[in-house]
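Two complexes, one shared chain (subunit A), two partners (subunit B, subunit C).
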Partner chain A sequence: MFGWLERNPFFFAVGVFVVIAFAGLIEIVPDFAQQSRPVAGAKPYDLLRLAGRQVYIKDSCNACHSQLIRPFKIETDRYGMYSLNGEYAYDRPFLWGSKRTGPDLHRVGNYRTSDWHANHMWDPTSVVPGSIMPAYKHMFTNVTDLETAYAEALTVKKVFNVPYDKDIDGDGKIDVPLGSFEEAKQRALQDALKIAQETKRKDLVEMVKAGKIPEIVALIAYLNGLK
Partner chain B sequence: MNWLSDNVNQLALLGAAAILILTIGVAAKYFKQIKEGKSEGELKEENWDGIGEYKNNSPIGWSLAFIGTIIWGVWYWLVGYPLNAYSQIGEYNEEVKSYQAKFESKWANPSKEDLLGMGEGVFLVQCSPCHGIDATGIEGKAQDLTRRFVSKSQVLDVIKRGSAALGNPNGQLGYQLGMMPPGLLSGADAEAVATYVANGFKGNNKGAELFQSACASCHGPDGRGMNGMAPNLREYDDPIISHVLQHGKQGIIGIMPSFKGRLTKVQERAVAAYIRSLSE
Partner chain C sequence: MHNPNHAIEYDYTVAKWFSYLAILYGIVGMGVGVLIAFQLAFPELNYIFGEYSLFSRLRPVHTNTVAFGFTLSGIFATWYYVGQRVLKVSMAESKFLMTVGKLHFWLYFIGSLLAVASLLVRYTTSKEYAQFEWPFDIVVVLIWVLWGISIFGLIGIRREKTLYISMWYYIATFLGVAMLYLFNNMEVPTYFVAGMGDFFHSVSMYAGTNDALVQWWYGHNAVAFVFTVPIIAMIYYYLPKESGQPVYSYKLSLLSFWGLMFVYLWAGGHHLIYSTVPDWMQTMGSVFSVILILPSWGSALNMLLTMKGEWGQLKENPLIKFMVLASTFYMLSTLEGPIQSIKSVNALAHFTDWIPGHVHDGTLGWVGFMIIAAIMHMAPRFYKREIYSKKLLEMQFWLQTTGIVLYFSSMWIAGITQGMMWRAVDQYGNLAYSFIDTVTVLHPYYTLRGIGGLFYFIGLFMWAYNFYKTMTASKELKEEPTFASPMAA
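And now, the complex of A and B:
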C-alpha cells in the first residue's frame, strides 16, 4: 500500500492532508457555524461608535491593548466576564490584539466613564501616576471622519447584510437605525453632545454644537460601548 | 585533584567517558560495515531511474505498535473522546468554584488587619484610577473618600433633587426606605443643614435643629442611617459601600459605575474597612 502511495504523489498528498487536517477538522468544524453567530443582544455599531472604532484603529490602540478576555480567573476578576466568539460578529476586523502593554479593554465600558476617559486621554499620568500610555491631545481638536464611517456601515449593511435599520431582538422597534447620511449624522451629533457634556469640557461641547465631532468624543462613545 | 571529591563531578566524568567510548565504538562499527559490508536481499519490483529498493519488512514489534495505535485512535475518537467531554469553560467554572471555596473558607472570619490589607489591594486595583491612590478623588474628579461629605454643594444637591441627585428618582441605591423625596428644605434652611452635614455633624445649631426635624426620621437622630434604612451620613459604613458598589451612583461630581458581581462580599467589607480607616 505504501509502495502504491509512493508511486502516486497526488493521492499521497491527499492522504497527508487528511491526516494532518484531521485534528483541526474535528475540533473546529462541528462548532464553527454556531459559535460565529452573533450572541443574543449583540448589535452592530451605530455611526458614532463606528467612527470611534476607526479612530481606535487609526491610532493603533490595539498595539498595546487587547480586546479578548480569556476564561481564567485572574482575567475575569479584573476585566469581567470572559469574551465569547459571537460578540465579535460585527467587528470587521476584530481587534483582539496580541500584546498587553496596557490592560484589556473588551469590557472597559463597564468600569470607566466619559470624563475619566477624557482626563486619561488628555494626560494619562493625571489619573494614573506613572502611566506609560502616550497622551492623545490631538484627538481633542481633530474632527471625526463621519463620511468614512458611514461608508463602512453602508457597505457592511449591503454586502454582509449587517442588520442596520432592522428589528434584531424582535420587540417591534428598529434597533440600530442608519438611514441616509444626513439622518445618521444628526443622530451621531446628538449622541456626541451627550458624551461631550459628560466629559465636562467646554471646548468639546462647543465643537459638537458647531456640528463638528472631535475624535475623542467618537472614541469615548466606542469605549463606553465596550461591555 | 580537589574537584574529584565531589560526587556530582565524578558522575559527570563517568558519563562523559561512557559517551566517548560509545561514540568511538559505534563509529568504528559503521566504518567497518562501510569497508566490508555486502548488500544482500531481494529487490522490489519498482525502481526510480535505476535506483532500486530492498524488500524490507517492518519489524514485528513496530508493526504491532502501529496497528495498536490505529485501533486506539478509533476507540479514542468514538468512545474515549466524546466531543463534549472537555470544555475550556467547564474547566474555568471548576477553577473558579474551587478557588471561591478556598477563598471563602480562608477568609470566613478575617481579622481587622486582613480586611485592611485586602481592602487596600482591592482599592488600588479597582478604585484608585478614579478615586486616586490616596483616595482624595484626584482634585475633584471623583468622591474624596477620606471624608464623608466633601462639599456642602453635594448635600445641597441631594436635598434639592432628592434621589434624582443620585442618578435615579426611584431610589437607586437600594435602601429599605427606597427613595428620598426632593425639596424637603429650601433656601437658608437647606444651606444650614447642608453645612452641618458636610462638616461632619459639628457646630451650626440651626443646622442641627433642622436636621432633627427634617431628616432624622429617616437618617436617624445621629445621622447614622438607622441600621441601613437610609444612608449613613456620618461615615462610610458597610451598607453604603455595598449599596454604591451594587448600584453605582450619579451625582454632581460624576458617574460612579456599578461593580455588581465584580467583588465578593468579603472584598466589599474589606474595601469598606479600608475606606473607613482613611478618615480615622
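And now, the complex of A and C:
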C-alpha cells in the first residue's frame, strides 16, 4: 500500500491530510459550543477597557505576563481565585500567555491601583526595585484609538452576538451600553477622567479634559477591570 | 539517484536566492534574539531604539523572523534544490514553474519584510507565531499557494515516478501548514463590519478557551510542520548525499513518517495543562506527547544508523558533524518535550525559562544546524567551486555548539530555579518568595544565555563569510561533486 501511495502523489497527499486532520476534528470540534458559555456575572468590555485591551495587545504585554491562574494553592495564594473557563467568554483573542517573565495579571485589578500602574509603567523600578520590565513612556503621550475599539465592539456585537446594549443579568437595566460612537466616546471620556485623576498625574488629566485619552489611561482601565 | 553523470542540468536560480535570504534572515532574526536575551539581564538595552526596541515589541519580531524568515527560506531553498533532483526533472524544462518559483521568491521577500515591519509599528493579533494581521495573512496564503503550485507542478512533470522520502515530508509540510494557518487565523476585519477604525485591525473568530485551543493546536504544530517535518525532509536528502551512505532503513522511515503525521497533531494540548481546557484534552496532549518519542527517535536513529561503519567521516567532514549533531539535538529535544508534557513536570516547568530553553535546543541545534549544513552542501554545487574554508567551518561548528550548550543549560537551571521558588513555602505554608525575588535570581543565567546566543550569532557571520567566499573566490571545480563536498583546508 505504501509503495503504491509513493507512486501516486495525489492519493499520498489525501492520505497525509486525513491523518493530520483527524486529531483536530476530534479534539477541537465537539467542545466548541460548551466552551463559549460565559460564567454568571461575566460582562463584555466597555469601550475604554476594550481600547485598553487593544493597547495591551499592541505592545505584546502577553509576551511576559500570563492571564491564567492554575488551580494550585501556591498560585491562588499569589494571584487569587483560579481562572474559570466562562470568564474568558468575551476574550477575542484569549490572552493567557505562555511565559511568566513577569507575574500573572488575571486578577491584578484586585490588588493594584491606578496610580501604582501609572508609576510602574513610567518607571518600573520606582515601585518594584530590581524589576527588569522596561518603561512604556510612549503610552503616556499616545492617544487611544477609540474608533478602532468601537469598531471591534460593534463587530463582535453584530457578528458574534456579544451582549452590548442588553440586560444580561435580568435586573431590567442595560449592563454594558454601547450605543452610537459619540455616546460611547462620551462615556469613555468620563471613565477616563476618573482614572486620570486617580493616577495623580496632571498631564493625563489635562489630556482627557481636552478630549484625548492617553493610552496609559485606557490600559489602566483594562487592568483595573481584571478581577 | 546516485548517478553522477546525469544528463539533466538542474536550475538552481531560485534555490540560490532563498539561500541568500536564509543567511540574511538568520542574521537579522538571531541578532534581535541576542539583543532581547541581553535585555532580560540588562534592562537599559530596551531603550536603544526608543519604543521600537522594547522587549515586548521585539520578541514577536525575533520569533517570526527566525521561524518564517530564516527557517522558511531554508526550507524553500532546499526544496528548489532537492525537489528537482529527487524527481529527476529540471526547473529549466518548464517556463511556467520557473516563473512561479521566481514569483514565489519575490512575493515572499517583500511580504515578509512588510509583515515584520508591521510588528514593529504594533500591528499584532497577539497569537503566538500567528501575530500578523489579516492583510499579511492573505499574503502568506498567496505565498503558500505559489509554493504548492511549485511542488505539485514539478511532481506533475517528474521522471522518477516514486516519491523519495524527502518528498513525503515536503508535501506534508505544505498540507500541514496550510490547514493550521487557515484555521488559526480566522478573524473578522473590523473595518468592514463597522465602517470605521483601523483598516488593519481584526478580531478573532474564536473566544477564550476555544481560541486558546485552536491557537495551541496551531502553535504546537507550527513547530511540527516548520521546525520538524521539513527539516527531516532535508536530512533524508543531505546526509545520505554528503556521506555517500544509503538510508539505513526504509521500513523505519515509513513507520516514522506515518507515525509522526498521526501523533503530532494530538500533542498541542500539552500547552494547556492545568488551564480551563477540558481535562481529557490535557491528558490526551500529555499521553500523545510521550508517544511522540517513537516516531521522532525513529527518524533520528534512522539518520544516525545511516552513518553505521562510516563514523570516521565525522572526524573528516564538518558538514557531517553538523548533521549528526543536528540529529542528536533532535533526539534531545524530542525527549525533553515529552518530559515537560507530563502533568507533574509541566506544573513546574510551564511559564518558566525551561520552555524557551527547550525550544532553542531544537531550533538552534536541530533546525539551525541542518539548514547551515544543507546550504553549505549546496554551495559547491551552485557555483562549481569548492567550499572556501574547512577550518572556518570547523570553528563555526565548535563555537555554535558551545553557544547552544550554554543556552540550554542556563535555561534549564533558570527554569527549574524559578519554578521551585514560585512553589516554595515556609513552615507555616506561606509563600516563601515574592515574585520579584524569582526574577532577580535569574540574572546570571540570563547573562549566560545571552553569551551563548552571541556565540551562535558570531557563528552565523562565519557561515555567511564562508558562503560568500565559496561563491566568489574559491577554487573552481571541473565537475559537480557526487558525495562529500570538497573543501579547502
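Keep this in mind: the second predicted complex is superposed on the first by the 191 of 227 C-alpha atoms of A that agree within 3 Å, B and C clash if a C-alpha of one lies under 4 Å from a C-alpha of the other, contacts with A are read in each partner's own complex, and residues count from 1 in each chain.
Criterion: contacts are C-beta pairs under 8 Å (C-beta built on N, C-alpha and C of every residue); 3 or more make two chains touch, one makes a residue touch a chain.
Note that the structure is a prediction, hence the values are computed from the model and not measured.
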*Where does A:122 make contact in the superposed view: on subunit B (first), on subunit C (second), on both, or on neither?*
neither
*If you stack the two complexes on chain A, which partner ends up touching A:7: first (subunit B), second (subunit C), both, or neither?*
both
*For A:21, decide between first (touching subunit B), second (touching subunit C), both and neither.*
second
*Report for A:71: first if it touches subunit B alone, second if subunit C alone, otherwise both or neither.*
both
_Tell me which touches more residues of subunit A here: subunit C or subunit B._
C
*Would you check which partner chain A:98 touches, where first means subunit B only, second means subunit C only, and both and neither mean what they say?*
second
*Taking the superposition as given, does A:134 touch the first partner, subunit B, the second, subunit C, both, or neither?*
second
*asked:* Can you give me the overlap between the subunit B contact set and the subunit C contact set on subunit A?
replied: 3, 7, 71-72, 77-78, 128-129
*Can you list the residues on subunit A that touch subunit B in the complex?*
3, 7, 26, 30, 71-73, 76-78, 80, 82, 110-116, 119-120, 126-129, 198, 200
*Sort out for me which residues of subunit A touch subunit C in the complex.*
2-3, 6-7, 9, 12-13, 16-17, 19-24, 27-28, 31-32, 35-36, 54, 57-64, 66, 68, 70-72, 74, 77-78, 83-85, 87-103, 128-138, 145, 147-152, 154-156, 158-160, 181
*asked:* Touching residues of subunit C toward subunit A in the complex: what are they?
replied: 39-41, 43, 46-47, 50-51, 54-57, 59-60, 122, 124-128, 152, 155, 161-163, 167-168, 171-172, 175-176, 179, 183, 188, 190-191, 193-198, 201, 203-215, 217, 254, 258, 261-262, 264-266, 268-269, 271, 274-276, 278, 281, 284, 288, 347, 350-353, 355-356, 422-423, 425, 430-431, 435-436, 439-440
_Touch list for subunit B against partner subunit A, complex_ = 44, 46, 77, 83, 88-89, 91-92, 95-96, 99, 125-126, 129-130, 132-133, 138, 141, 254-255, 257, 259, 262
